[in-house]
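Two complexes, one shared chain (chain A), two partners (chain B, chain C).
This part shows the complex of A and B:
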């Protein structure tokens, strides 16, 4: 009998301690830092469902125990179970994929597809506003890594090659129907990689973005198309270039927010083509008065504003055009936020002949802040 | 039984001591905990609203969101008008934990943004001079300008 009670207590007391410990630790920590214990914030607002939900979320966000333990639990899952967590998907050969990107490729779209319609309406309105100013718009949906390397995601897709997800195919059809110029990087990438993983992959293994080679290939395709159309002529600025190596920890690794995983995963070494101003060692830089304006998301930022600098899509495009470009870059904001920023900076439309609008294909469904029509009216008076 | 109770008690005190240990102190990017020395402008202002979708957890990218304030008192510097627009970096995180390699000089005691709360803010002018990442501006149609950059955000208890 005595033994049974002892066993009961041995189980109950540690269990209660485990339950109580995070709260006690948190309170002790906050008192030590002369802060008001967060637990009392429950009394600061009316006990509505929303306020209680917010309170619970705040407790979780500020929890010291969670902050300390979570990265190690994630590390354990990553090492022992090859599980990168909820927002990433482990592929083959150490490749990681972004879960929303995978869903974009594999999920069927519903009918009627409202986000798609909103995207088309926004693109049409933007094209019309630019056209009224004598500016040609080129839309450049960038393939997700999952579309270009489905074989690295699952062995069943070994022979799939580069795929065009149903939503993206729909977008291209709609753009064609409305007479909007689009540049198809899917075909470009398919031609290069064929059915195999190229020696220099077009996308990074641990990142959502393209490799320097992918950015360079895309810039080449875009430049070729614009020059062929006659919208602008080849410039005369002979940029130079040099090779720059960068060791890059992928955004999919950083997203896990576990220093132990970051230390475990080797950075990817990539060789970039850094573009330099003519007759100097000064890295390429944009010029707001250029004839070409490029709008886009982090696919424009990588290698350009990140290390090594001046080696991303923008610099490669300028190198191909032999002329500088102007740009607006907004991480994850390729759908609407870049146009909002353009509306705030109407001077950027001065002297423009071409606008290139890049966005990630998964933005068709997951765009930050959705797809909205943004009026450029404030720039109506800009002289050309 | 006494032994197991004693062990559990020791365990609880150990975890409490863990919470008080120096190793659990502020993050490496925390700046000097004083709003007076940061920014060029200092105001007390009421957060008028949080537009739907303006604040959320974002896994892949850092971002800043623009929020609208009613200025109650100007302590230092000068602002344009009674209503101002302020950019906050990664607003879903407590201000004390938000500093990182990209934006190292930022802080405050505010844990969560709630519409109607009063904040004491240290600000710098022109957000885009201080932050070049993604900006979520739900007030774009209102022509929000200038957008101040929040360096330090403390909650004011009324």
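This part shows the complex of A and C:
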């Protein structure tokens, strides 16, 4: 009897302590810091579903215990089970992939596919507006890492080479049907890869983005296509270049939000080709009055505005064209936000002959803010 | 509110327990009568339950209050000793119609409209806009609770509640409010007035809660991610499709059984005793056996309030088969307004009828136990495809993939990265062991030895740690 009673208390007391501790610690911490306990904030808000869910989210985010424990749990899962959490998927040889990117390749699209239709409508409207101004549009869907290195993602794709997801194939078909110029980087990357992991991979192992070599190859392909079309002529600014080494902790590692994992994973060292202004050591910089305007997302930002600077797609493109370019870059906003910004800065279209519009292929499904038709005359947009 | 969130575990639950037991202690010290004490405690539970439920959408509470009020008042009229039988029947009918009408309107009106539109469009009639209603969470459960009370009163198998507060507590009781188990009124009538709270019961309740919590977080959620990937894939291969179906079978069992364990455990902590809702269903040797072990509270509800009133097996074999089919069709539809659930119900109804037809003569019963268990498992697994798929078309495509009918496209190449991860394989292996384990959580929690006690704390800590690091946390049965 006595033994049974002891077991009752041995079970009950620690379990109650476990459930009560986080709330009590949090309240004690806040009181000690002379703050009002966050839990009372529920009384400050009108009881609507949205307010209650916001309160719940805030409470969880501010929890001291959770903030301390969460990174260590992530670390444990990463080390023991090679489980990089919900935002990433573990590939082979330490490669990480962005989970929405993998789902973009894997998931079935519904019929009719509304996001895809909205994307085509937005692209057509943009092309028509530019055409009315005498400007040629080139659409550049950037392959996801999952499409270029499926062999690093799954054993089944060992000999697959570069794959074109069904949604992206549909996009190319639709663009062709509507007479919109698109630059196919899938074919470009496929030719280089030849089904093997190249000595200098085109994408970073622990990042969602391309490597300096990938950016360079893409810039070369885009420049070649534009020059061949005759939309602009080769310039005469002979940029110089130098090699710059950068150590990068991949964005996929940073997404895990665990300093222990960041410390465990060694940064990737990449060699960049930094473009310099002619006859000087000043790094390349955009010129708003250039003939070419480039719109795009973080694929344009990496190495260009990040370290080492002037070594990303934009600088490589300028180097290939032997002329500067202008640009609008918005992380994750390649679908709509860049065009909205262009609508707010109409002067940027002066003197333009070509607009290159880059976006990640997975934006067809997961575009930040969706695909909207943006009028360049008025800065309003029509939600689709 | 959801059981497996920080808000519930770290704030709501400790607060409710502290309030409940402080008031219980105060009542005891003041020498209050049992009845007074239970009224005070029921008031605490009702308030807590409304907060718990209103967290999703505060106006849902008003709807629940409406269902509660109408059933309480009608049953009150029907339970008067001197009531005219016709008036009694009218009151009962009104309560049933109002409850089922509410359920029907919120759950099935858009479905009916959609299908009517489809039908009329064949004759060239323009489609009408479909009502955009948000389904109040758990409505199927609390409507069934209310119906159980009204029918029990009408049948005089239970005494009417002594106060509206007791009835509100029965309907809104937060542990079983949104995903069951479906507790019939006569099961808890006595406990609403007198219940025993003890350290032993509390301990066994908290252990059952922890086991349910661990099932949900450690087994159901990881399998849910795998099932989502497989069922959403463009072209799963046969292996992928079977793997996904197995993952979903594990997810739905541990999701729902875990929720039931948590609900029964929470209720037990505060003095209520609910019957078990699952009894090793994947060890069933036939579909009939499966329905004796799966969601027992629903199957017994349907048996007592639908199958038997339809005549059960008393009106000859043909009528028995029809009754089985009708009950399972409606049981399927109860799960959701979608043809996939209707087909799922019909599939089980046909299998039950076939088993009834063969009776004890069937060759199936002559097979070794292992084969019967495996055969039943495969039949159940196939039925889950209809249950999980978004549409009948998707279900058929998925079944075709299970039979090897799919194309090897880019999606097929990349799919293994989402399915065969180290985590999913490890979880599936552990789930297999737990499923085959002869002792069920319900029984395990009652007999706590020293070694079992030592296992509970690390298990709870592990489940909590995993909970705080994951945002994927769906509860499948909430939508029903």
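The definition used in the following text is that the second predicted complex is superposed on the first by the 372 of 384 C-alpha atoms of A that agree within 3 Å, B and C clash if a C-alpha of one lies under 4 Å from a C-alpha of the other, contacts with A are read in each partner's own complex, and residues count from 1 in each chain.
We adopt the following convention: a residue touches a chain if its C-beta (ideal position, glycine included) is under 8 Å from a C-beta of that chain, and two chains touch if they have at least 3 such contacts.
Predicted, not measured: the structure shown is a model, and the values here were computed from it.
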Once the structures are superposed on A, label A:238 by its partner contacts, choosing first (chain B), second (chain C), both or neither.
neither
Classify the contacts of A:368 with the two partner chains as first (chain B alone), second (chain C alone), both, or neither.
first
A:305 in the overlay: touching chain B, chain C, both, or neither? Say first, second, both or neither.
first
Contacts of A:14 with chain B and chain C, given as first, second, both or neither
both
Examine A:176 and indicate which partner it touches, taking first as chain B and second as chain C; both and neither are also allowed.
neither
Touch test for A:5: chain B only (first), chain C only (second), both, or neither?
both
Does chain B (first) or chain C (second) touch A:79, or do both, or does neither?
neither
So, A:343: does it touch chain B (first), chain C (second), both, or neither?
first
Do chain B and chain C touch any of the same residues on chain A, and if so, which?
5, 9-10, 14, 16, 20-21
Please output the residues of chain A touching chain B within their complex, sorted ascending.
2, 5-6, 9-10, 13-14, 16-17, 20-21, 24-26, 28-29, 32, 35, 38, 41, 45, 54, 57-58, 61-62, 64, 67-68, 87, 98, 208, 251-252, 255, 297-298, 305, 329-333, 337, 340-341, 343-344, 368-369, 374, 378
Where on chain C does chain A make contact in their complex?
5-7, 9-11, 13-14, 17, 54-58, 199-200, 202-203, 206-207, 210, 225, 229, 232-235, 409-418, 421-423, 426, 448-450, 453, 456-457, 460-461, 464-466, 468-472
For chain A, which residues count as touching chain C in their complex?
4-5, 7-12, 14-16, 18-23, 39, 47-49, 52, 56, 59-60, 63, 66, 69-70, 73-74, 76-77, 81-83, 85-86, 89-91, 97, 102-103, 105-109, 146-147, 150, 153-157, 160, 163-166
Would you mind writing out the residues of chain B in touch with chain A in their complex?
1, 4-5, 8, 11-12, 15-16, 18-20, 24, 53, 58-63, 92-94, 97, 109, 111-112, 114, 132-138, 140, 143, 145
